[in-house]
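So that you can tell them apart, the chains are marked A, B and C in the order they are listed, and the count of residues begins at 1 in each.
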Amino acid sequence: MDRKIKQRIAFTTFRIFSVSVVLMLVSILGFIVFNGAKAINWTFLTASPTEGMTAGGIFPAIVGTFYLVVGSMLFALPLGITAAIYTVEYGGETRIIRIMRIMTNNLAGVPSVVFGLFGMTLFVNKMGFGSSLLAGSLTLALLALPLIIRTTEEALKAVPDSYRTGSLALGATKLTTIRRVVLPAAFPNILTGIILSVGRVSGETAPILFTVAAYFLPHLPDSIFDQAMALPYHLYVLATSGTDMEATRPMAYGTALVLIFIVLLMNALVSLLRNSLKNKNSNE
Amino acid sequence: MMKRKGKYKKVMERGTERLLSASGAVTGIVILFIVIFLFREGIGLFRSPDVEKGYALYLNTKNPVEQLTPYEIKQIFDSEITSWDQLGGPNKAIRPYRVDDIFKEYPEEEWGDHYELLSGKLEEVIKSDPNIIAFLPQRYAPPVGADIKELPAKNITIAGFFGGKEWLPTATPSPLFGALPLISGTLLVSFLAILIAVPLSLGVAIFLSELATKKTRQVLKPVIELLAGIPSVVYGFFGLVVLSPAIQKIFHLPVGETALTGGMILAIMAMPTIISVAEDALDNTPRALKEASLALGATKWQTICKVVFPYASSGIVAAMVLGIGRAIGETMAVLMVTGNAAVMPVTPFESVRTIPATIAAELGEAPAGGAHYQALFLLGCILFLITTMTTVIAEFVSKK
Amino acid sequence: MIEAKNVNFYYGDFQALRNINMEIGQQTVTALIGPSGCGKSTFLRLFNRMNDLIENTRLEGECVVNDQNIYNRSVDVDELRKEVGMVFQKPNPFPKSIFENVAYGLRVNGNNNKKSVTQRVEESLISAALWDEVKDKLHKSAFELSGGQQQRLCIARALAVSPMVLLMDEPASALDPVSTSKIEELIHRLKTDYTIVIVTHNMQQAARVSDKTAFFMLGELVEYSDTKKMFLNPDKEATQNYITGRFG
């Protein structure tokens, strides 16, 4: 009977593991949410930090992160999506495509701090943008690029070939087929990929450390060559370099909660999208 | 009319295709560019002199010592080496000398309006003392000749970088770029993380795919996937305010920011990824195989060990490799909780500094183009190589 | 001896079996026939408790094997499955060698004696009429065998643990006619040592291999009698209609 005992030991262990891992993960979330909720109010979301970051709010950081998300997507989306369309729809195994595939696969695993390193020399120093929204957006765009290319490629590949042959058989050109048939069918999945990259971009710290992020700015950036505050960097600053740690903690909890909220929001959007997609498919 | 419209369409068609292919090419090139860029800057370190740029070391010609390593120079100026016989010279006390010292010895009037008299004064000083070693800016240096010699400039070596145990990038006269403490710090923290994360994640993955009811799985999977998306700085913050004080208290340590703290936070961060990839792999095992095994009287656990694991092994390994890749490259959380002491770690209860944390912490202070800057790029290259290797391995394994 | 007593079975709210009562004698071949979806597989899988693996199912009544209700709390499911072997519709060999496939059941049951395992593997392969075809490539992958050989390998695998009962769920439906007839011959020979329950939707097959036949429809056992009688002179009109191919 000792195989029974072995099974019991193994399964009990896994149950304990699962309960503790889930408890741990959920309690991290709960801890931040609980402590952050106390800090969050209207002033917190709409005011600038005051009194050495121990009072006021995080408005400039929210705005900065918003600008960075928009800026990076402005670069990454057109490039990533068109590149994916090219590889999937015009593909074949040309040398360009092969190199690109190897590169994007690799790039997806490259640590974000390496992007920061690259962005700092190329955009900040060599191209002379200085530490600016432009440099930060470009750096984040590079980070998001492989993610967008991959998800778009997968979305396009998921469109059944019969759609394409059907359209082509009706005399539509390839371009028309892509525009009228393939892209609409792939759109929800492409959108999912975009939302996920927005979530990723808004939470990254290392790439913006030296390309855009400012410790404190008295006013909002008003050109793409200005520095900006950003949520993740703000949390890092609040957590590690305040002069009065006790007094900055509530601000830090609040900022962490806002960051988590963004991730939750993006995940909610994705699952909403998936559900509506499922319903649409089952209705057909 | 018809014809013209058709022609226009064709031009559009071809134009778009060109555009798309250009965008594909641009992406590929940009990425290639990043790689080349990183490595060009990084390799530049080995063409940098091992003493600060524009400076040199000067000795009296009576001193038989002809060469010094960066580490020896550092020890001399830190007064860790005090006698020339430790370096193959006579048994005489070393007198380290910096340009500042001359300002203390002579009043301001004697320096000259544009410091043009400095060189002569320095010449006197060095001439008069065979045991002196002077670290001077080359533009004020005394003439090298019968009485004074300049130590030959050497470049930073590969062995010095990968074998050096001291990371003192801002030390003068000779900064030390020994990456060993950083490499071993990274390995130690990642190793701890994997040690904690892999068994736990596998346990949870098995629970989810084989033991949990459908409902439990439907609730837990999205929660776990959601946790994979939470920014690392938030995990780092949690580690800082909760985990590190706890570890300090439990193990009675002077500080709570240790390799262990970093490993635990990394484990927490890597687990959602490992769990969900491993669970997918386990879940892919054909039902027919599991049923065949159970129908032969195997227990569920025997079935998991003998049928499910072998079938899912490549996916499980891929999950672990991905987790390792994430752990090695993770920056912010580790920066916040490991204490960042660039010393060779001996136990998990000490502060360590990882490669990514070093880059994040020092890039802001390193002057562009200098040796320190290049050293940070070289660290970036190492990271890039390690993560590329993990991606390749993961892909290779999961294709099998 | 196998027996079902007042068996009702539910997948969630859906009732797949309705008040089944049936006795199956030792060392007989019993065929279960009926239109697709009538509950044959469900019924068969009750006897090695394979349905336990499906969530949200419920059983009422008793299933008896060897005078014991196998759904009793005291019954060890894994031990039960050693007594009651199963062969599935699609051949499902493990991605291991031919030898290891057959040895699997022995190994999980704690037999690690090399000599006795080797001997038992050989016996099982001989019983399953596969030995001559595979004896020179025992350590080759099971996937190198043809579909029919794979199914006989699965039978050998089931025989290796010395069950008393063999449940077969449409064992030949995925095979070509030659392989099918080999399997049928095999069933014929195994009858002397095993109690066999076989699901089939091939009327001729049921007639050829079985001693008794049970006809199921919409979850109910419509008729159960000697195969000869069933095919010559069934009691129920529904049976007649089905056998003569008027529906199903």
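As a convention for this text, a contact is a pair of C-beta atoms (placed from the backbone, for glycine too) under 8 Å apart; a residue touches a chain by one contact, two chains touch by 3 or more.
Since the structure is predicted, the reported quantities are computational estimates derived from the model, not experimental observations.
Undergrad: Which chain has its Cα centroid closest to the overall Cα centroid?
TA: The most central chain, going by mean C-alpha position, is A.
Undergrad: When I count C-beta pairs in contact, which pair ends up with more: B-C or A-B?
TA: If we tally the contacting C-beta pairs, A-B comes out ahead.
Undergrad: Starting from the mean Cα coordinates of chain A and chain C, work out the distance between those two points in Å.
TA: Roughly 53 Å separates the two chain centres.
Undergrad: Rounded to the nearest whole Å, what is the centre-to-centre distance of chain B and chain C, using the mean of the C-alpha atoms as each centre?
TA: Chain centres of chain B and chain C, defined by C-alpha means, are spaced 61 Å apart.
Undergrad: With chain centres defined as C-alpha means, what is the inter-centre distance between chain A and chain B in Å?
TA: The mean C-alpha positions of chain A and chain B differ by 24 Å.
Undergrad: Would you mind listing the residues of chain A that make contact with two or more other chains?
TA: Correct list: 3-4.
Undergrad: Touching at least two other chains at once: which residues of chain B meet that condition?
TA: 299, 302
Undergrad: If I count partner chains per residue in chain C, which residues reach a count of at least 2?
TA: Only 78, 108 qualify.
Undergrad: Okay, in this complex, where on chain B does chain C touch?
TA: Result: residues 213-214, 286, 288-289, 291-299, 302, 306-307, 310-311 of chain B touch chain C.
Undergrad: Quick check on the complex: what are the chain C residues that touch chain B?
TA: Touch residues, chain C against chain B: 48, 50, 53, 55, 78-79, 81-82, 85-86, 88, 90, 92-95, 104-105, 107-109, 154, 157-158, 161.
Undergrad: Report the residues of chain A in contact with chain B in the complex, numbered from low to high.
TA: 3-4, 6-7, 10-11, 13-15, 17-18, 20-22, 24-26, 28-29, 31-32, 78-80, 82-83, 85-87, 89-90, 96-97, 99-100, 103-114, 116-118, 120-122, 125, 142, 145, 149, 173-175, 196, 199-200, 202-206, 209-210, 232-233, 235-236, 239-240, 249, 252, 256, 259-260, 263-264, 266-267, 271
Undergrad: Using the touch definition from the top, list the residues of chain B that touch chain A in their complex.
TA: Within the complex, chain B contacts chain A at residues 9, 12-13, 16-17, 19-21, 23-28, 30-32, 34-35, 37-38, 41, 199-201, 203-204, 206-208, 211-212, 220, 222-227, 229-238, 240-242, 268, 271-272, 275, 299-302, 322, 325, 328-332, 336, 356, 359-360, 363-364, 368, 376-377, 380, 383-384, 387-388, 390-392, 395.
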